[in-house]
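What follows is one structure encoded as structure tokens, with my remarks underneath.
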């Protein structure tokens, strides 16, 4: 690896350095756009006591749900628990620390972490349990809560295509949290469906510039569908 | 105009309602990507006592420089004055109130205004005259300044192509401040080189979603170059 | 007769206006999309990153990478935009969405809403609901008037952890359409065949009943 | 002999490393791009929204929509990305740029820098400089050792309005390469043929001179 070529050739190499007690920002919404092979690799590595920042925690037996099975996660910041029995069980029984975080606040906290903004004010959660213990403040007659940035040891994200420099684009709603998660980790590991040569992607259409990406790997994806809803065509 | 068709057919209509004493967030960097016809229309309207949020203020005789000539601007938030003699003269003689604002802070203040974030902390400007009178605060051992959002009465922006719904894409570095400026005005007026039908632009590549755009007009552009630098080819 | 889910959706659809950008919550609010009046255009925002959400896909169109905030597979309409979660909540939190429709466990006379947690029993999480209620200028809560045990969901003070505070002004239940003003529910319309007395009986929070409460119409 | 602008650029280029993302300020710092060592790749960031800035265009390539932060027409390299000002400063303020090179009017022993204003005389504005110095982990100030009147620009305390406070650790002038540590300039290298005495004479701020101060090399 020289210059700006971020490509690595094994999932072992992709996640080298991830150790017990570290934190990971993980892209995806439900099972859409999750870095499924990177997550599977974390399961294989057996890394424990992880702090995870992710909108959801997968489902029983897939995505981040795999890491719940083996109790590799100690603490998770997420907006939604529903549809994941093991997640709800571990939370209710106190085996897992869950910091429920409003979806927009979670996205903005990740972006802030990547953008050097240590904290910002938002109306979201004012007057609710989310604001407990946090500073609140009035601007122009409305009340706001101070929310701090998220910074993680690793970013685990999934994009559609990237060039070797890590300039990436996402496919449809598989974008979701991935661009923000990519920016807020010290080491950003991205898996993609296709690696292309620099120059093949339109510079104006890059959604995650390569400056954020440290390691890039091409994978194959199951892309499991959580709720298959169709109409008669 | 019905449904989501944002197209208007005259610059008069595009800027209807802009009156003396109002504020405008204006896209562009130098003379690149400026809404040149909208600015010319403001000159024609003779609207006075304007507050302007824009990285630069054009040059003598073009772009926002046109509005300086006629003293239509009372106050401007900008990061850079250089290369504009009338701007510098009006500022030094106190005819124009200039609130010099770091470039990144200006971009982030516009974004915050559009995104419902009333204020955020940034390291930029700590310990400098920019921080005077502002709250400062320590997070994790570093010092930060509290900066408040920009909200304007009008947004004047320039994009490359947009569909009738106002979904827009920008060309090269003519993007610059336009996407943020588009979000922080109560009424966003966008001029473009080409209006296309809904469905012609790739949904995943939209840079300003139509929800931000109130009025859309197709124009022709001079695109003056400020510093023409070339190499032998 | 209390309203069916479809009738509730039809009544909420009357609040739509041409050119509205609308966010419909998971579950019952989704049905509102089926009753957009003829000749009117509204555009659906889904907080996972769609402006211009379309119907469910055909088998041939099905794509794991195209889902809505309810994790259902969907399509986009011509003229849609797809973007990141941060960009989506810029729209929502910046107040650019014209109407939000969402469900609730409880609403009270102060405009407080509870919808994401029953301590010790159920924790769904708030998803995007806290963001939506904190920012939207125009919100309709769509829920049954009472829970399955017959307990009123329109209270003087919410008992469950809040989703938002002082943000709800319109409530459509299976029995009535109400507005919240000055610390009370105002009974604006009743479901066809439902008496004012029944609504009074099933409303725990302070209720103001005008002299005339018209029956609801749906178109 | 004091260094030429080109020699200064050559010396700064020695601080580059393979794979560095670099922001070069307007003016003299731009020249550094001409001296990237053979076999090494660096990528230029321009704060108006380019990662992967290329050389000036040919007449045929000239495009008003493609400029750099100095408002010069430029090109992009294969594998570039172009984005908004907000996205550009996310990179800069988030500390993702590996090296920033910029000019200054004054630098002092506390690592303070002044570069955007001479009260009553000159107001350029700070542009992106305040953002760059506040966030970059690795900054080199590139300037003449003294102004055109012979006044030292390396001070105990900046006299002009600051661009940033406590953020500068490396200074390359036409006479010397210095680092700032514990409230003093450390003289690390001197320009070929320039004596330590001359540097001492032209440095107003506290200067620590090690026993041996090697002459600068350029490759």
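For reference, chains read A, B, C and D in written order, and residue numbers begin at 1 within each chain.
Keep this in mind: a contact is a pair of C-beta atoms (placed from the backbone, for glycine too) under 8 Å apart; a residue touches a chain by one contact, two chains touch by 3 or more.
Bear in mind the structure is a predicted one, so any value in this text is a computation, not a measurement.
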Shared chain contacts [chain B and chain C, defined touch]: A
Chain whose Cα centroid lies at the greatest distance from that of chain B: C
Between A-D and B-D, the pair with more C-beta contacts: B-D
Whole-Å gap between the CA centroids of chain B and chain D: 29
Chain centre separation (chain A, chain B; CA means) in Å: 32
Centre-of-Cα separation between chain D and chain C, whole angstrom: 55
Whole-Å separation of chain centres (CA-atom averages), chain A against chain D: 35
Residue list for chain B, restricted to those that touch at least two other chains: 108, 111, 115-117, 122-123, 171-172, 175, 203-204
Junction residues of chain C, two or more chains touched: 82-83, 89, 92-93, 135
Interchain pairs in contact, sorted by label: A-B, A-C, A-D, B-C, B-D
Chain A residues within the chain D interface of the complex: 2-4, 111, 113-117, 163-165, 167, 183, 197-199, 203-204, 206, 209-212
Chain A to chain B touching residues, read off their complex: 108, 112, 115-123, 139-140, 142, 144, 148, 169-172, 175, 203-205
Touching residues on chain D, where the partner in the complex is chain A: 18-19, 21, 40-41, 43, 45, 51-52, 76-83, 87, 89-97, 135
Interfacial residue positions of chain D with respect to chain B in the complex: 46-50, 55-74, 82-86, 88-89, 92-93, 112, 116, 120, 123-131, 134-135, 161-166
Chain C-facing residues of chain A, complex: 29-33, 55, 78-83, 88, 91-92, 98, 100, 102-108, 110-111, 122-130, 160, 170-180, 207, 223-233
